[in-house]
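Think of it as A, B and C in the order they're written, each chain with its own count starting at 1.
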Amino acid sequence: MKKNLVEKIESLLFASPHPLTVKRLASLLECDPDEVTVGIRELQEGYRARAAGVRLNQVGNEVEIVTAPEHAELVRGFVKDETTGELTRPQLETLSVAAYRAPVTKAEIEAIRGVNCGLILRNLMIRGLITSEEMSGETRYRISLEFLRHLGFSSPQELPEYERFHGSEVIEALLSGAKGI
Amino acid sequence: MKKNLVEKIESLLFASPHPLTVKRLASLLECDPDEVTVGIRELQEGYRARAAGVRLNQVGNEVEIVTAPEHAELVRGFVKDETTGELTRPQLETLSVAAYRAPVTKAEIEAIRGVNCGLILRNLMIRGLITSEEMSGETRYRISLEFLRHLGFSSPQELPEYERFHGSEVIEALLSGAKGI
Amino acid sequence: MYEVRLEQFSGPLDLLLQLILQEELPINSVSLARVTGAYLEHLRAAEVADPNEMADFLVIAAKLLHLKSQTLLPTLESLPDEGPSLEAQLSAYRAFVEAGKHLAGILSKGRWSYPRTAPPAVPTFAPPKNLRAEHLTAAFGAILTALEPVVRFPTEAIRRVISIKEKIQRIQALVAKHAAITFRHVVGGRASKADIIVSFLALLELVKAEAIFVAQSSAFGELTLKKR
């Protein structure tokens, strides 16, 4: 791996006012995206090993450094308070599908929820709780880094029973025939 | 020393938009300023020992986390790229809404684009491409006069397709019927 | 049963799940057939505020009726392009309702992480080198194009609901005109799955209203509808 890559990634993430993608980091560091991914993992492990006051969070290809959730109350006292706002049941259902099944298409979310989800997805995008990206001609959704911060996890994979929901046979069977509604 | 004091100091310094005094830290952490000083020293040593991408700077009584001087050039390049480089697609779209729909609120821009725009608006403001003003208790955005002049116009009305875009029926319908889920 | 508001359910699957849980039934086709009547009852009593929403409820009603019709008309084949079974759909839905509750629980703990708060910056004019007015025009034009379907979104759903209502009326008229008519005749020779389902919906409704009388000559025989 390139010299000081981990530390350079740390510098850039610290200096950036917004999350950075692996691709952008690779271009700034003039190295391979795979190397960046390894560096990110190492930085993440380092923070965790020394129970640092910060964490490295990742959703999809986006990463950011944030404060450790253990100190939420302390930090909340003096930063501008942001809130998730109240979430309705349909919103929670949609967010849970986006969290556990990411990257997920609108058709898949609709197959699971049995309702048209166009408006609700739009609304969650506007609130910054989910993000979308184009992947081989399809729009796919994930929870946002912002929503992940409110959950206090470093990645969606840390969600309880992630394996069960992510790869559930029931859901695979359902989605193999999913065309939306 | 208080439990997790070093990590708590790290959380606070990381989240803070400006340097913090030892006294302020002690009051936030409900402990003795001397303990804070010891904690700061420990954090500083830790960063130095692992040649981290960040450093702890202390000037007089004020402390802050900054990027490591070794990577100053890298960070400078990144900041320059952020503040003078070409616009990303989301930035360009947001700027176009500020140009054609001015004066426009953040909520309206987000409804029109269907995506959260908080960080983008900040970036466009810093680059002087848009300006904001308070109008009857709301913050409204418009393309900056300076940037319009740079494009060769003296008012937004001179932009191509201004009449058609500004009064777009689609947007009127969207904003009048804007209902959340 | 009166003044049911469909909005109090997060969707048709939620309504269905609650009906099944109320009766403490497992999720399987027998249970689904059993709560079909109650589901339709909710739909009939419901005030329809939003056609989009009604369309979603009708899609599930159609699936339920198809399931139930297979017990009444065993000759009715499973049609191709069936998609996932309602059973599978409901099981998956239940899993994510649970997951959603987990999320709400986690959120309520307030174990939040915070990003770095950027220091206030002094704006300095730094225009992108290659940006010209036509880029702004093109970007805004693309936004408008993308918005069209969002604004016109309800039309398609309204059309779906209207067509279902129209078909129900047509079947009611047919039965009223003929003294006796077979179900096969009602649905027509080249009926689509939707036609069969809609016809069955109308049939149940008419039986319930005691407007018609249904006879079946043998166990797997044709259904004959008669005016009362």
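Please note the rule applied: a contact is a pair of C-beta atoms (placed from the backbone, for glycine too) under 8 Å apart; a residue touches a chain by one contact, two chains touch by 3 or more.
This one's a predicted model, so the numbers in the text were calculated from it and none came from an experiment.
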Centroid-based (C-alpha) most distant chain relative to chain A: C
Chain closest to the assembly centre - both centres taken as Cα means: A
Centroid distance [mean C-alpha coordinates] between chain C and chain A, Å: 30
Whole-Å gap separating chain A and chain B, where each centre is the average of the chain's CA atoms: 20
CA centroid of chain B to CA centroid of chain C, Å: 43
Chain B residues counted as touching two or more neighbouring chains: 14-16, 114, 122
Residues of chain C engaged with two or more neighbouring chains: 114-118, 150
Footprint of chain C on chain B - complex, ascending: 14-18, 83-87, 89, 92-93, 95-97, 99-100, 112-114, 122, 125-129, 144, 146-147, 150-153, 159-161, 165, 168, 170-171, 173-174, 177
Residues of chain B touching chain A in the complex: 4, 6-12, 14-16, 28-29, 46, 50-54, 65, 67-68, 70-71, 74-75, 77-79, 81-82, 110-111, 114-116, 118-119, 122-123, 180-181
Touch list for chain C against partner chain B, complex: 114-121, 123-137, 139-144, 146-148, 150-151
Chain C to chain A touching residues, read off their complex: 10-14, 52-53, 55-56, 59-60, 82-84, 88-89, 91-93, 95-97, 99-104, 106-107, 109-118, 150, 153, 157
Interface residues, chain A side, partner chain C - complex: 14, 17, 55, 57, 64-70, 72-73, 75-76, 79-80, 84, 87-90, 92-93, 95-97, 99-100, 111-116, 118-119, 122, 148-152, 159-161, 165, 168, 170-171, 173-179, 181
